[in-house]
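Chain lettering (A, B, C, D, E and F) follows the sequence in which the chains are written, and residue indices restart at 1 in each chain.
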Amino acid sequence: MNPKRFEDGLAVRRQVLGDEYVNKALADVDDFSRPLQELVTEYCWGEIWTRPGLERKTRSLINLAMLTALNRPHEVRIHLRGALRNGCTKEEVMEVLLQTAIYCGVPAAIDSFRIAREVFQEAEKNR
Amino acid sequence: MNPKRFEDGLAVRRQVLGDEYVNKALADVDDFSRPLQELVTEYCWGEIWTRPGLERKTRSLINLAMLTALNRPHEVRIHLRGALRNGCTKEEVMEVLLQTAIYCGVPAAIDSFRIAREVFQEAEKNR
Amino acid sequence: MNPKRFEDGLAVRRQVLGDEYVNKALADVDDFSRPLQELVTEYCWGEIWTRPGLERKTRSLINLAMLTALNRPHEVRIHLRGALRNGCTKEEVMEVLLQTAIYCGVPAAIDSFRIAREVFQEAEKNR
Amino acid sequence: MNPKRFEDGLAVRRQVLGDEYVNKALADVDDFSRPLQELVTEYCWGEIWTRPGLERKTRSLINLAMLTALNRPHEVRIHLRGALRNGCTKEEVMEVLLQTAIYCGVPAAIDSFRIAREVFQEAEKNR
Amino acid sequence: MNPKRFEDGLAVRRQVLGDEYVNKALADVDDFSRPLQELVTEYCWGEIWTRPGLERKTRSLINLAMLTALNRPHEVRIHLRGALRNGCTKEEVMEVLLQTAIYCGVPAAIDSFRIAREVFQEAEKNR
Amino acid sequence: MNPKRFEDGLAVRRQVLGDEYVNKALADVDDFSRPLQELVTEYCWGEIWTRPGLERKTRSLINLAMLTALNRPHEVRIHLRGALRNGCTKEEVMEVLLQTAIYCGVPAAIDSFRIAREVFQEAEKNR
């Protein structure tokens, strides 16, 4: 592990996914899941999300499209929350998901819209 | 067919993919491919790409990520050219493709990087 | 939106997916989901499902195969119900799903068989 | 190997894919590819394609949809030729591929339309 | 059906997936699911898993990787239990899943790690 | 970049993929592809392939299965060559690919068998 990159990654991860989520992920870590947690924090967050070449907001929108294409609903949910935290508007999320209907097919878009509605309702409750 | 939306879609399609590509696509149309050409022009371009809610540049970046995830190299190539036409920089394309390495896996990113290098070389020749 | 095509699409959608499902989908619509609902109704149902070139029954069987390949269980369930409404027999559904075992792999077929059994049990209860 | 089912499978495979293709496949067989050839002939053709529950024509249409979803262009091409041999019309193939645009996304449909045009041109030449 | 191969397949299936699981699968069989159960037992288990060319342990590890790539969580769970029964260690499973993070992308690995933790907890309880 | 891990990764990458391939990849590097090359060498090779928990031979077999599932023919080819370099036999490769026929579907297995035959013929020529 590269401690500097891990720390940088952890900081971005906290900013995007929220302390609550990250604290829970860290508290749950055991010997089995530690190598994955470290890999994800260091590479995904420390190596890619820290790069200055794209706004975080744009990275969030790209992720919503990719995760819809990849059919990974758990991650769609987490990154929808992250998108809100990164300043994406409901309208921008809607635009991205409409675009997935064309390129990934209608069923993919329907699945992500369903999750998005739940995330927006939850966010409105917590305001 | 909705002629107004078809025309609007065709105009955006020409702006994004270029007259040369679109003229060729239209010239090639026969009874077999006409319904698809109309569907794509009207819905994909006339319905989605004309929407004001996201910049075209952002739509291009999202498409590069999605098409990489979907493993559709022909479309990756066409939309790389479209991304340049929409004002995306080489650096932004690189950032999107690096992000696909993490979420879609390394082989997906390698395949799109290979196509992107060819498109950039071709674009530099044509300048 | 093209109102004529939306209405035509809505009529077919009701015939295939049932009034109960469609009424619920419409009642749930809000500003976030309206554009997708309109796109799906107009494009998917009004543009494709209204085409006379294939029997609806055949379109249902094709959808079951595609949705199994695409790994979209929510839509598999909805279109299984639609297949029954379109006159597909249990035997025809079984044949399609057996064919998916060969082409999409055994895990894909097992997942769709599981959903199909539930849908058939539900349909037998409601008779 | 079950010789009876292998022979039954081989007969259907010849009827659907043509003697020329199957003779070439058999002539190419070596120790490395024999187990796959036997598995495919027996399992795919002898076990599934021989089943009476669906018309061969319907099985072909289902395959075109599934193979488009699965993104396997070599097999799309082979099964397009098989679809013609099984009596599917150009119009029916077009309908199936239009339906894939909605459910699998536009890039998937475009890729299969491109292959289909080539197969139809080749078929028209050989008439 | 080839009764000899079915019996051989059933024996391996019991050894890998356990009597409890297989008894339940057999007890649940009805006319709708019987052809799939027979196909899976005979081909998947009787034809492939009985082959001597790879250790069962290696087949289990390969399956965990493939099923993660294919995004089939029900089967990931079943084959995680099978992997333990085939003598794979927790460490080996972890290594395979870390490798999926690179090739299938981080979201795929996270989904399978989550299931794996549950299966290991369940296995530790039952010891 | 972590230079130590990059160097370790580069050494394993050379052992698995061969000096010729890696020299060519490094010679081709430009500003656009450098970040991906570094990420892949460090993350994929330095972080995962250097781990002692699985034999390299097993990692190769797992990769062939995953890359077949992921439908990435360029990488299937490269990792087939790597598998031979890691000591996998032709028979072991055949077993893995037969297993993909069941889990990923027959078209996936056919595509990888075709590439494997070419790689084996090339390897036999070069002996």
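Here is the rule we go by: contacts are C-beta pairs under 8 Å (C-beta built on N, C-alpha and C of every residue); 3 or more make two chains touch, one makes a residue touch a chain.
Fair warning: this is a prediction, and the values are worked out from it, not measured in the lab.
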item	value
Those chains which touch subunit C and also touch subunit A	B, D, E, F
Neighbouring chains common to subunit A and subunit B, by label	C, D, E, F
Copies subunit A and subunit D touch via same or different residues, half shared test	same
Interface copy of A-C among A-E, E-F or A-B, judged by whether over half of the contact pairs recur	A-E
Fitted rotation between subunit E and its twin subunit F in degrees, CA, nearest 5	180
Interface with more contacting C-beta pairs, comparing D-E to C-D	C-D
Centre-to-centre distance between subunit F and subunit C (centres being mean Cα positions), rounded to whole Å	40
CA centroid of subunit D to CA centroid of subunit F, Å	30
Separation of mean Cα positions, subunit C and subunit B [Å, integer]	29
Multi-partner residues of subunit C (each touching 2 or more other chains)	39, 43-44, 67, 70-71, 94, 98, 101-108
Chain contact graph, described as a line, ring, star, complete graph or other shape	complete
Residues of subunit C touching subunit F in the complex	102-108
Residue ranges of subunit D in contact with subunit E within the complex	2, 5, 39, 43, 47
Subunit F-facing residues of subunit D, complex	30, 32-33, 35-36, 39-40, 43-44, 67, 70-72, 74-75
In the complex, subunit A residues that touch subunit C	71, 90, 94, 97-98, 101, 105-111, 113-114, 116-117, 120
Interfacial residue positions of subunit E with respect to subunit F in the complex	43-44, 48, 51, 53-54, 58-59, 61-63, 65-70, 91-92, 94-96, 98-104
